[in-house]
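So, here come the structures, one by one.
Shared chain: subunit A. Partners: subunit B in the first complex, subunit C in the second.
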Partner chain A sequence: MDTLDITALPPAALNRKKKISIWKKSPSLNAGVVMVGLVLIFAGLPGLIAAFSPTSQDADHILEAPSLAHPFGTDNFGRDVFARVVHGTRIDLTIGLLATLVPFITGSLIGLIAGYYGKWVDSVLMRILDIFMAFPFIVLVIAIVAILGPGLNNLYIAIWLVGWKDYARLVRSEVMVAKNAEYVQAAKILGFGDLRILLRHILPNVLSVSIVFAAADVVMCMLSGASLSFLGLGVQPPTPEWGAIISEGRAYLSQAWWICAFPGLALVFAGTGFSLLGDGLSDLLRTKGR
Partner chain B sequence: MEQLNYILKRTLQIIPVLFFVTILIFVMMRLIPGDPASVMLGDKATPELLKQVQARMGLDKPYLVQYLIFLRNLLSFDFGNSLLYVVPVSQLLAKRIVVTLTLTIMAAIFVIVISFPLGYLAGRKKDRLPDQIIRTSALVALSMPQFWLGILCLLLFGLKLRWFPVGGWGSDWGEHLRSLVLPAFTEALATSALMIRNLRNNVVDVARSDYVDFARSKGLKESVVRSRHIVRNALISTVTLLALRIGGMLGGAVIIETVFALPGVGSLMVQSVFSRDYSVVQAVVFMFASLVLVVNLITDVSYSFLDPRVKLE
Partner chain C sequence: MDTHVAEKQYIQVEGLSKTFKLKHPIIDILMKKPRKLLKAVDDVSFTIEKGETLGLVGESGCGKSTLARTIVRLYEPDQGKIFFDGLDIAALEGKALREERKKFQMIFQDPYSSLNPRMSVRDMLTEVMLFHRICTRSEVDHHIAELLRTVGMSEATAERFPGEFSGGQRQRLGIARALALNPSFIIADEPVSALDVSIQAQVINLLADIQEALNLTLLFISHDLRVVRHVTHRVAVMYLGKIVEMAETEALFKEAAHPYTKVLIKAAPVLDPRNRTREYAIEGEPPSPINLPAGCRFNPRCSYAKDICRREEPRLEEVKPGRLAACHFPLIA
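And now, the complex of A and B:
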């Protein structure tokens, strides 16, 4: 993955001129910003975009194919699929962001501590990491949800408990390089405390790998959340979450493909947006050093 | 000798990890609201009956003793009985693991068939049209929910075109393989996208390297330079990436098998979660962890054989 390419970054300040030129030169960043921006608008103002309510049923318009009035058709309760997809944006986006945010913080901190202190602290934390690495991500998440019971809150808890491992691994290897760098040695000679060195000197310089990974992780978390909701373990119907809508539409697949097709397209659109944003960010950070 | 030592050492390293994995699973199972006895009895639970079953399952003993019993049972592949199927869990797993492993192997073959030519092509045509098309497709494929892709494949190739069965596993190996084509393709797409990106970047890097220039300047034919120098070196890290992704692909079986109604370990796990059949859940989780550890071991060892530059530590 591209995330590995930026490991050799020296701690240089961002040059504004270069920033502008990369903005022009990186089509992925531009496309990503536009697509994520659209997703944000859909999530923020669903009522303005969708004419119908996502939950109001209409017995006269059941399983109707896409038309001008219902661009994505209607489902088995006569609900407008377009309205359901638009209103689902906020839920799926929140899952993607919130499920990424907590592991981003905890994982980075664990990696920071393990990499900086080394010795037994590192050994203990890395053995815990080994245990978590032994499970396929989705298997452990499902096992935790199985214990806590299905539902959105427990889905978050499960992903938070499992998702930190990649950040810890990435940040740890960065810190192990950075702690021998001259600027850290200088800070030590000046007598700064560990906490200050860690947070003010090392953290800002190792965080870029975490940030680039987080952009890709938003996609992963959004897909995992939708997958679990699809299995019936996450967001429960009738809440218009994309995975849950697909799960409900599956029974009507042969008569009404549109119920399943459009929420999935929405996931692909949002996911591609964040992937492009991540690629653009990694371009941006890579050029920063040159 | 050095290699043998390495294999031995790497194998021994698995043991402590597996040991802690069992502790984690044990703790998780004890965190379930209500103890296993009351879960097993369900509505039939009366205080006396509950005590009786608890005693029989050893739940009245201290946690440490309970854990040791649990560990002993795991080591002898005794996972208890399934509540739903009323057969030993090990028997259930033995039948279903065949499906999951065949699915994963077939998906891995698809990954190779899809990603090797496309990744190489993209790398050779860097920044030109084929590269841009392949890269964009890979990016979109990475954001595709597998369960959705599976449903669309079912709709198009199963329901409409009738090329493949709409879920199920069939009764002989011919039917088995036919019914695995769509699930394996669905499983393979996201990993293929990752591998294409990796291989493309490797090909770009290797093609710029000094030893490729040298091979050309000493008069080797272009086809030889490509096959012996560029492809071989570019593939090393890509193959490792595939091996590392196998664990993730095994996990993906949980969703794929549910979509395609395949009787594998993954769909068993989902069913068992809903029927609160915890002895099955615990066995499946343990099995996935063991599989991942073994796959990682094989990867490390074969990597050291394939690439003589890898230092054995």
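And now, the complex of A and C:
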């Protein structure tokens, strides 16, 4: 027998097959999960992975090239770059996640309201959004941090103020489609209030696009955090943050390339991981959607 | 049947109108042109007795669905009254309306968009029943089992999501949701037109059985005349927002009074290989409801049209006992 009769398979086998095929079909999801997992381990248990403290100085080993003892070399204070990069993971990850989470929530709610109520509510919210859209993301963030003053908290505030616009637009367009679906009309005929319809019936059906975007947005926020720290507007030295480490190492770039290169590579690694995860998630949510 | 005795009528719609305002382009505002209006439902009146099925037929775009959605207050009526068991629901607001909503429900056309894809059958039905306090939380499971049995599905399906069901099954679930509130009036908006022909009969028979068992009053909207003939007691024919003819089903199919009804019946496909002639086929598209023709709305497509038809709009009047038609020259007199 060379053809497989699908109807002859027990449902459990079919289910398993479907799961495997999604897993196989989306190598990006696999790679993303593994890479993000590694980043999470680094962020969770930096002390177990790095032998040295990220801040203890060692005047005898200044600007040493990568070796077995110091795999990423040492910086101008003799600090272990590997330890600094590993310990920086938690800070960069926190920036990425926190700076994504808040705009994800506020933006989605704004999009929900704009898309559902339409008319003047939509017009007002969308014109405000246009103002934010008119400026490049990072320029606006830098401007706000410059006004509020440098520091991690102000960095968060700046990204929260600017980051909601993409979520609002994504969710709004999805809501405009969903609110005309018959299940929403059915909910209205059943007498459900707006709040119940919005949160229980529309929101779960419009969030998948936002979730996928958020996974990719974590990368953007990590990069923004690193960029601002590099410019001296975000995390302040001696806290080990990748952008700040690169900023400090910039002066020694010609003698000690490793100070800048390894935190840069860490950024690339984490960024790629979250991008792949977002990519894989969009595949997964699309196949599951109907 | 006397349609003028108001007290006996369970559902009584009087002079219902719904007009949509179209977008007003900036050029038109500058040129001071008035905003264009779309008269989807124009001065519609009809009645339904308790336990009766009224069919509503007409081409797509004639306002059938708008009429249905206005009756259930999904759209705000511009004018007119909707008496439901003596109470004008067109005037109700807020809590009173929500309370009254229990009694009238709707079954939708597209089974693929009428169920929330992220809610299991149990969640969906539980929410409906608890929201309207149909029963207590402990009784919910019992009620769900009973509902599912009523629509011919097993209790085991309650944990599943809409995506796991076929079109026919989804439509059954839609019916179960409508029945969850024990309504006495149901509007079925093209309930089977999205289904395979083989499934249509099952769902129609289910609806007919349930109607009989629960003594429901039904407004059955369809463009499929065979289905309408099968399930309805009386039929109203709609054309461009107005009812042009209303009669008992068999009488209407035997002999149409309005020329539009006649072509509509003739245009319906007949399953008879020997009958290959098509005497009448309706010509052209219906005129746009934005620029209605003067006089009778059907006059541009009517083969009987005379001068008066292009000047004066005919009123819906009794042409024979129990038969209403809006035509200057009804085909039966």
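Heads up, the rule we're going with is that the second predicted complex is superposed on the first by the 266 of 290 C-alpha atoms of A that agree within 3 Å, B and C clash if a C-alpha of one lies under 4 Å from a C-alpha of the other, contacts with A are read in each partner's own complex, and residues count from 1 in each chain.
Convention: a residue touches a chain if its C-beta (ideal position, glycine included) is under 8 Å from a C-beta of that chain, and two chains touch if they have at least 3 such contacts.
These numbers were taken from a predicted model, which means no experiment stands behind them.
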item	value
Fit or clash between subunit C and subunit B when superposed on subunit A	fit
Touched partner set for A:Thr55, first subunit B, second subunit C, both or neither	neither
Superposition-derived comparison: subunit B or subunit C, residues of subunit A touched	B
Contacts of A:Ile147 with subunit B and subunit C, given as first, second, both or neither	first
Which of subunit B and subunit C A:Asp279 touches, first, second, both or neither	first
Which superposed partner A:Thr106 touches (first subunit B, second subunit C, both, neither)	neither
Partner chain(s) touched by A:Thr94 [first = subunit B, second = subunit C, both, neither]	neither
Touched partner set for A:Asn76, first subunit B, second subunit C, both or neither	neither
Partner chain in contact with A:Thr239 - subunit B first, subunit C second, else both or neither	neither
Touched partner set for A:Gln185, first subunit B, second subunit C, both or neither	second
Least C-alpha distance (whole Å) that remains between subunit C and subunit B when both complexes are overlaid	9
Residues of subunit A that lie at the interface with subunit B and also at the interface with subunit C	none
Complex contacts: residues of subunit C adjacent to subunit A	69, 72-74, 97-98, 101-102, 105-106, 108-110, 113-119, 127-128, 131-132, 163, 174, 177, 181
Complex interface listing, subunit A residues touching subunit B	1-2, 127, 130-131, 133-140, 142-147, 219, 223, 226-227, 230-233, 243, 246, 250, 253-254, 257, 260-261, 263-264, 267-268, 270-272, 274-276, 279
List of subunit A residues in touch with subunit C within their complex	181-183, 185-192, 196, 200-201, 204-205, 289-290
Subunit A-facing residues of subunit B, complex	16-18, 20-21, 24, 28-29, 31-32, 139-140, 142-149, 151-152, 154-155, 159, 194, 197-198, 201, 247-248, 250-252, 254-255, 258, 269-270, 273-274, 278, 281, 284-285, 288-289, 292-293
